[in-house]
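For clarity, chains are labelled A, B, C and D in written order, and residue numbers in each chain start from 1.
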Amino acid sequence: MANKHVVSFTLNGKEVDVAVEPRELLIHTLRERLLHTGPHIGCETSHCGACTVDLDGMSVKSCTMLTVQCEGASMVTIEGLEQGGVLHALQQAFHEHHGLQCGYCTPGMITRAYRLLQENPNPSEEEIRYWISGNLCRCTGYQNIVKAVQAAAQKLAAAQPA
Amino acid sequence: MIPSAFEYHAPTSLPDAIALLGRYGDEAKLLAGGHSLLPMMKLRFATPAHLIDLGRIPGLRGISEAGNEIHIGAMTTENELVWSKLLAQKVPLLVEGARWIADPQVRYRGTVGGDISHGDPANDHPALMLALDASFVLRGARGERVVKAADFFLGLYATELQAGEVLTRIQVPIPPPGTGWAYEKLKRKIGDFATAAAAVLLALDGGRVARVSIALTNAGATPLKAAAAEASLLGRALDEAALSEAARLAMDICDPAADQRGDAEYKRAMAGEMTRRALLKARERAA
Amino acid sequence: MGDMSELQAREDQLQGMGVSLLRKEDARFIRGQGSYVDDIKLPGMLFGALVRSPYAHARIKGIDKSKALACPGVVAVLTADDLKPVKLHWMPTLGGDVQAVLADQKVCFQLQEVAMVLASDRYAAADGAALVEVDYEELPAIVDPKKSMAADAPVIREDIAEKKDVGHGPRTHPNHIFTWEAGNQAAADAAFAGAAVTVREEILNPRVHPCPLETCGCVASFSKATGNLTVYLTSQAPHIVRTVLAMLSGIPESKIRVVGGDIGGGFGNKVPVYPGYVVAIVASIVTGVPVKWIESRIDNISTTGFARDYHGIGELAADADGRIKGLRFTALADHGAFNSHVSATKFPAGLFSICTGSYAIPNAYCRVDAVYTNKAPGGVAYRCSLRVTEAVYLIERMIDVLAQKLGIDKAEIRRRNFVQKEQFPYTTSLGWTLDSGDYVPALEKVLKAVDYEGLRREQAEKRAKGELMGIGIATFTEIVGAGPTKACDILGIGLFDSCEIRVHPTGGVIARLGTMSQGQGHATTYAQIIATELGLPASDIVVEEGDTDKAPYGAGTWGSRSTPVAGAAAAKAARKIKDKARQIAAHLLEVGEGDLEWEVDRFTVKGNPGQAKTMKELCMAAHTGNLPEGMEQGLNAVSYYDPPNLTYPFGAYVCVVDVDRFTGEVKVRRFYALDDCGTRINPMIIEGQIHGGLTEAFAVALGQQIPFDENGNHLGNSLMDYFLPTAVETPRWETDHTVTPSPHHPLGAKGVAESPHVGGIPCISNAVIDAFAHLGVTHMDMPHSAWRVWQQCHALGIDRH
Amino acid sequence: MKVELEKSFPLPAPAEAAWALLQDVEAVAGCMPGARITERVDATHYKGTVTVRLGPASMAFRGEVEVKEVDAAARALRLAGRGMDSTGTSGATMDLHARVEAVDAASCRLLGRSEVSVSGKAATFGGRLMQGVAEQVLQQFVANFAQRLPAVPDVAAGDGAAAPVPPPQRELNGLALAWAMLRDWLRQLFGTRRA
């Protein structure tokens, strides 16, 4: 189609350029052009959070964001959390505390928790439940997700040089 | 759930944005956080030919103190309100209100200006601003004008905002020290709009109501100022009789639309209940 | 003792049954590397968008494709007329009916599939779909099943109006599907006639939707060169789907490959075959390129696989002490516009006759009348075996109603009616033989854990103050693991399941099964079963499911049948391999097989434990020339397991709620769930399944419902209205267990994932209604949303200050 | 999703003039906010479009209008309309009974009873807004109708002769809504609306 905009942003540390129609949703650009299929589409009305990515230090629902709005942005998706072959503490904790079942909400959930722990490194159970309430999970009942986030928080805190 | 095609504009100055609005008129829509507009576009209820993104205009964000007012840039996000130390200190009602808007992700993107100019009585800021007696700075080709919240909300999705105008700033009078506050919101779940909600500011003098402000969310075509309820409370202690009368008078002005949250009767009753609870909580917080 | 610790070390190394082994499948999911259907991208792939009807009931007077075809990127528009030549405009359903693939002359429910627009990408497809012009003539719609069989009711299914039978016995009205009954009506009536006390209640299980986070979809890829059809799709039962596709398309089943891939939750929604799949497949056959169809969330809730919509009437007859003498349950079942609910041929109302529950009820009768309405077809089993939630909800509600009528404590009345331990196997008056159970200790353990007496005292104090506190109990018995082929089949195919195991020379194992995980952790659980059976470490055991080219035939994963049926097949296949290994060991050790005994991971010579062959050694040996006379090389086996009976897991739950009488809000203060699923294979996974099932029960009891207006318009089909609880609303769950193995299952295991849903819903309802019991309230229909609960408070006048 | 409205409005014109205008379907349609007649099929059948705007949302319906009854003696007529929105995802039907009642030589009352029902997306997502929208549509219809009255050339123009298609009226928009809503709102404040 005519009327394409070239948009540049960094995705998990890499510079990317895409030529998109203004109406193209970020989730489609990520999944179909940039083949980052970690973020998923769950509800399309910005309720479920399966499409959550980290954009300029904010957790955003990429199904309710236009790619053209992302010019110059710095983005992190689930694919960017593992560093040098080492899983992020959250990824490890979700595994160790059985914080996932079908895995569909997991990328969005972990990406959201990643931002939460940067804003609040030592959240209470209440705070975790409140600040992940933009992410729906149909399998786990959240109990083990909360455990996993708490465990990751402790691990990250311990890793900080005192 | 795919929007229809449109032209995208990202002006970097307010005059440019206003010029674009003037050029495209009805064909254009302003894009702030996008969490009201984009879902409507994905459902193809809204099919603007031009989308004007306010996101690249400097100076539309931020919270500052100006004399006896707090000024909030229209593009300030809900989470910025939630985390603002200044607001927590000067206008805690807005922090409490913002905390229960939508969900964390939506609050990162959703803006106070978008929430207000959308003109949806189900949004929370309209009633909050009504309770705070805030004013809105509207900028258009013909310059700037300031409209009181009380004069701004005209009907369902209908506001004083004229074609070609942009809401740039919200001016909130700082309630006097000792003023109690509360936003009591009943909703089905996180992410939902209010079944009913009440915003209250309350000042006591010797245990009697000296000043009170009550506004209701999602109880009619516009946010509602419960003037009669306010009047009934002045000079009285917040006893059961006073609370009941205030709640009843608040319910009297409600004309809620039935939906899956409840029928008109329930929503009216909940508007009364939220008013009562907000008054009680505000009293606890009043000095 | 050193020897013991050495044995223990070997045991630990296996990570077999009983261990909370971390899940093998997590590795890809936590990295965002799962492979769900919408992740699949094939060269030249087209995207299909469905055009759907805005009307619940209307005649199609014409379809104009021209504008859509002129839309950039649009390749084709398919309608029923385009499918007719290949006879694919209608398809058989898993309920014995037929369903329109694309609406043929009329639409019978809102958002029914009318046309599919094929385009280069989903944006162009969406544009094209908006440009297809359909001329409708609106017809009066039936939304309320109670009006469906009225004399003057409009005929919904003109295509079968003349048919006297649609697969399940005689029909009495064009909108009637079937009437099914079980038990002895005369005996039940007699029990009621002579009873000291009887109770009756109308009890609704409203229309809800499983709503997995991933919607349904597929990628169909037909090769004109080879004639091979590959379909990646969201299915809980890939092999059944392949069979249906073969029946439908005439393509040899050997040339059809169905791949399940990773499934983002199913909960019953992904069992049926949906029109979208079929149109995408036809589209690929027609165009010769791959075609992807992905359902939107709104379409998912509106059109695929709803559950329940059972309008029940429960009646119990008892003596003065509350001992139940008779049961009469009937239900009016709203199946929507096509009978596409998934049921075993002989059980059109599923396993509804499990409705005698955990209780010894001498006389029982139940009947279900199913009707058509202008609502979406479906009637799937939402995290349960078909119609078991409805059945258990009825009995667990009714026994509370009976207790209230007699003024007997709700725990006590259950004690008085339980089937006793020594009575198992116990055959109910409706014909099911409960394999094993031990209900009393389970209930007592829970009552002690929550201090039931203390809770009742607190409730009395609260009531004195006018506050509403409710205590709910559910002591349910489930029926899962369909099922004996003599009783259960779908489209004539018996509901057995299968496992094929291949052992490699160095001890690596690959196991393939006919089931399909949607998050249940099969790759881990099955590996643990095989590890224990074969004495090879779970870490070296790879489990594959869902690719019909690789896995042996099976009926899939639904109705908690994976462990009861496929898990048994895995054990059986492993035992065949173990038997061969034993022969090899005897041969190598030059002793008789009878001289060998099994010790964790090896065969040892009785009385001479030094002499042994480990399983690892035997794996290699099986691939050498040094084998017993006439024995073939290799260590492979396949087992097809046809269970002798279903399994009957049970549980005892207690729920405590506080009700805000001014807003109607219900807060679940405490929920204690004790489950008995027999032998526990992976406690961590079991607990996770219970958390999830309880959360879905919470959602159903307190908020889920698919509402319609009088014209059949959806009033709440997005996640704005449809209640999926967030972490904030979801209660914290307390879990517990007892172990009563199944006598007929090779491992003693029963199913578990559905118990918390089936038992949780009545437990929460019972708690909410118990909060009003002292005010004379005996029943309130689900969902117990704030609005509805407030209406009860308002009617009682207790919402005033 | 159905909404029924019954309203009566005073008009500053003789009953005959109002009745004449009422029978001019093109003109009447012209008074409907955002509506216009695009084709006159025959004396009683017309094709047209209606655009309803509500804040950022708007829906354009295409459809037919039929004059069901005309009762000159009672100065009453009945119009029926049905249409489908431009994306094919919503349908709407309207049944309007309108009657002109003389008050005195110079003024009359317009009595309207309408039943509007919508299907599809509009019912699912717009349902809760319908009552409000319908009332605004009607109120603005009457405002436009009253406006037009003096402009009626003479009674003959209404007898069904092919009248020129009137220019499309301004759509139901925020501002127009605002005034009407403001009125309701004020009425609410004075508490006169509570039954």
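Criterion: a residue touches a chain if its C-beta (ideal position, glycine included) is under 8 Å from a C-beta of that chain, and two chains touch if they have at least 3 such contacts.
Computed from a prediction, not measured in an experiment: that's the story for all the values here.
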item: Maximum centroid distance from chain B, chain identifier (CA atoms); value: C
item: By number of C-beta contact pairs, the top two chains; value: A-C
item: Between chain C and chain D, centroid-to-centroid distance (C-alpha), Å; value: 52
item: Approximate Å spacing (C-alpha centroids) for the pair chain A, chain C; value: 30
item: For chain A paired with chain B, centre-to-centre distance based on mean C-alpha positions, whole Å; value: 29
item: For chain B paired with chain C, centre-to-centre distance based on mean C-alpha positions, whole Å; value: 44
item: For chain D, residues that touch 2 or more chains besides their own; value: 87, 89, 121, 127
item: Per-residue multi-chain contacts in chain A, two or more chains; value: 1, 21, 23, 44-45, 47, 130, 132-134
item: Chain B, residues touching no fewer than two other chains; value: 1-2, 4-5, 44, 103, 190-191, 259
item: Inter-chain touch pairs (all); value: A-B, A-C, B-C, B-D, C-D
item: Residue numbers on chain A that touch chain C, as the complex places them; value: 1, 21, 23-24, 28, 31-32, 35-45, 47-48, 50, 77-79, 82, 87, 91-92, 94-96, 98, 100-107, 110, 128-130, 132-146
item: Residue numbers on chain A that touch chain B, as the complex places them; value: 1, 3, 5, 21-23, 25, 44-47, 49, 52, 58-61, 64-66, 68-69, 71, 112, 116, 130-134
item: Interfacial residue positions of chain C with respect to chain B in the complex; value: 122-123, 126-127, 130, 296-298, 662-665, 703, 707, 715-716, 719-721, 723, 725-726, 728-729, 785-787, 790-791, 794, 799, 801
item: For the chain B and chain A complex, residues of the former touching the latter; value: 1-8, 10, 31, 34-35, 38-39, 41-42, 51, 53, 55, 79, 102-106, 108-109, 190-191
item: For the chain B and chain C complex, residues of the former touching the latter; value: 1-2, 4-5, 44, 103, 186, 188-192, 195, 240, 243-244, 259-263, 266, 269-270, 273, 276
